[in-house]
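What follows is chain A paired twice: with chain B in the first complex and chain C in the second.
Up next, the complex of A and B:
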């Protein structure tokens, strides 16, 4: 018997690849919503919104202090309990069995990744100098306008490498989605492997798929980062030429 | 009252297996630290062939989920070695977990070590050479102690990540705190899943907070020494 049955592995690659869209869907949805919630949480923490600040500190500590797998289980088994309580007290009739596993995965991963994004966004917002905000105020912008037009674009640039890392981490984390009964790359590989004891082959295939996805993402992020940086350098050059032309320069 | 008792007994039952989780954490931390320092030095010194291998290994470890690596080691390694007439199927499962956790974490730790090593600076080496130390001596006596202090915040994060990673060990049948939860659930016929996962998340949270506190105390103590040294 050969050590690795390559024929079998190659033959089963398409079957495992069927899980890629689900893996990517979970990662993208969690990333996008995580970015939105993370930004809001970061702003709450930076401006020290009274109760929310405390609450989010605890939330972030909890998410970063417990394994994702445990969070998935807590969420997966907690929602039915919560719905039961809700049905009893409000007389509604929601049935937890009708919620698709994918929705569980979307929400649970978003809850998890929001905490990490919040810390990234907080660090990046803090990295933008306070003078930028003051300058924006001095030309009559409101805080919201200043955030949107001046501070956030700069903070986003600072955050980009970390966000890339988070996204790659998220791709790897989706391999835990079996906890909420989602069948993605890892689960498919496991099912096929269990069928004929082709463990080595199938897990190698899964590893290669994850590796390829992560590598492609890395290339993409490097490209985007370079683009953004070049754009910034160009803008800076433009600004200096403009300011040189201005007659009233102090 | 009985509700309180239920929660309390759950806590005790799960805490009973905490030593196993901590054991996995400690052993794999030490192994991965040794391996991580070795990889970091290979990458910094750019030993031609080893450098390529190390880079390849890092890329693999950091681009595939730990779960895949764990399964590859647990299911794949025996299958691979069996072809060379080596039978390791009878080995304890714990060894497979320790191997995969160490290999996985070494990749991350090597980057932590590498950045700390580079942060110490080449001049420290030059100073050590100028008083006649060899490379190994300079490394052990001068650079690594400084690099250790610099890397403490990252190291702390890494230890916490590692603790969370140990929660995957139950997938191959280790009875750590996650495995214990599984057993309790089996005995309860799946009743009270939510409560028990809340309990275990609190235990993980508490352990993480403890680790964080230890690291930040260590940081303060070691930094204090550094300040007084430079002032004297």
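Up next, the complex of A and C:
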């Protein structure tokens, strides 16, 4: 008998592929909401919003300083306990058993990603020259209008490579979701492997699927980035002026 | 029509403006000169509140701001009645030349896109950039950028046009084209405040010169009085220093 049963592996690929939509769903939901929250957190930090700024510093430090797996467990086992306590205190009747594991994953991954996105967005906003905000103010825009029309579009361009990396990291991180009973690619691979003790085969199948997804994403991000930077690359050569590279402030 | 009363500004322990009183009438072209660090740029930036004065009163026509307790709405109004040309141009990097000019008209002044476009094309033609309206700032030379900067400010039809060392970042051969445009605007009766190191230009274009040193206005008056027959010792010293003929030739 060969070391690797390729026949079995190939035969089970379609079964594992069924987990791809869940994997992508977790990644996309966490990415989108993480970006929204991350941006809000970054703005709170840049504008030094009282209390919130301090709070978010601790939040970011905690989330980035603890393993995602631990966060998932804390969330998965913590929320039911909290709900029980709440039901006792307020006489409500929320049942933690009715919460889909996927929802836990969505929220936990979003929280995790938002902390990283916050730092990416903060750095990118700071990379936009302060003169851009001043010029927007000088033509009579409000700070909100200036952010929306002038500063954020430029910051996103700066953030793009980092956001791409985060997304690829996120795809791989979703494999942890099986720890909280979400049936995605990794979980399916494991379940099938259990059947006939084909662990190596199934993990290789999972690895290939993750690689394929990430490779496709890399191609996509490179394409988007190039498209957006097209103008800039052409123009860089002609750009001979000195620009003030001061961080954005109020 | 523009009245600055008792303006004070400190950066930490550095007292940059020590009680500035200045009046600018409609149609005046006021040039502010002085050694570096004298506070002239800070003063100009206080006029449109890019720098927040610690003390004093700023008023433009019927709008008065008590800088001790400024109202947000008033600051926005102040910025919508003024426009600024920056030393480092600060063109919106993510917008085309035409959009740079129309942005303030559409967003701040709520003009229709069509009308803004007409104004934009008209003014860009006046500054000689009709063929560049769809270019991005990075594709322009320094002189062209500054002409866009001037067009952007002028399009807003402000009560006062503020120039913050508009030629200091330019290559020498481009200074002329920018000064030429400022000269034209000045002859059109637009109220202007100019911070500059171009003494000859100040003499020619302005009807009043203000000499500042160490956060104070030392003296002010018609260009001939200040630049040719200064009364104050400090003014004389400054002029002597910058007018001094070079004792070497290249």
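We take it that the second predicted complex is superposed on the first by the 230 of 250 C-alpha atoms of A that agree within 3 Å, B and C clash if a C-alpha of one lies under 4 Å from a C-alpha of the other, contacts with A are read in each partner's own complex, and residues count from 1 in each chain.
By our rule, a contact is a pair of C-beta atoms (placed from the backbone, for glycine too) under 8 Å apart; a residue touches a chain by one contact, two chains touch by 3 or more.
It should be emphasised that the depicted structure is a prediction, and the values quoted were computed from it without experimental measurement.
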{"item": "Touching partner for A:145 - first (chain B), second (chain C), both, neither", "value": "second"}
{"item": "Partner chain(s) touched by A:102 [first = chain B, second = chain C, both, neither]", "value": "neither"}
{"item": "Touch count on chain A, higher of chain B and chain C", "value": "B"}
{"item": "Touching partner for A:173 - first (chain B), second (chain C), both, neither", "value": "first"}
{"item": "Partner chain in contact with A:42 - chain B first, chain C second, else both or neither", "value": "neither"}
{"item": "Which of chain B and chain C A:137 touches, first, second, both or neither", "value": "second"}
{"item": "Contacts of A:30 with chain B and chain C, given as first, second, both or neither", "value": "neither"}
{"item": "Of chain C, residues touching chain A in the complex", "value": "48-50, 76, 79-80, 82-84, 86, 88-95, 103-104, 107-109, 136, 138-142, 145, 152-153, 156, 169"}
{"item": "Residue ranges of chain A in contact with chain C within the complex", "value": "129, 131-132, 134-142, 145, 149-150, 153-154, 157, 231-232, 234-236, 238-244"}
{"item": "For the chain B and chain A complex, residues of the former touching the latter", "value": "59-60, 62-69, 71-72, 75-76, 79-80, 83, 160, 164-165, 167-168, 178, 193-194, 197-198, 200-201, 204-205, 208-209"}
{"item": "Complex contact set, residues of chain A against chain B", "value": "1-4, 61-62, 64-71, 73-74, 77-78, 80-81, 168, 172-176, 186, 189-190, 193, 199-200, 203-204, 206-207, 210-211, 214-215"}
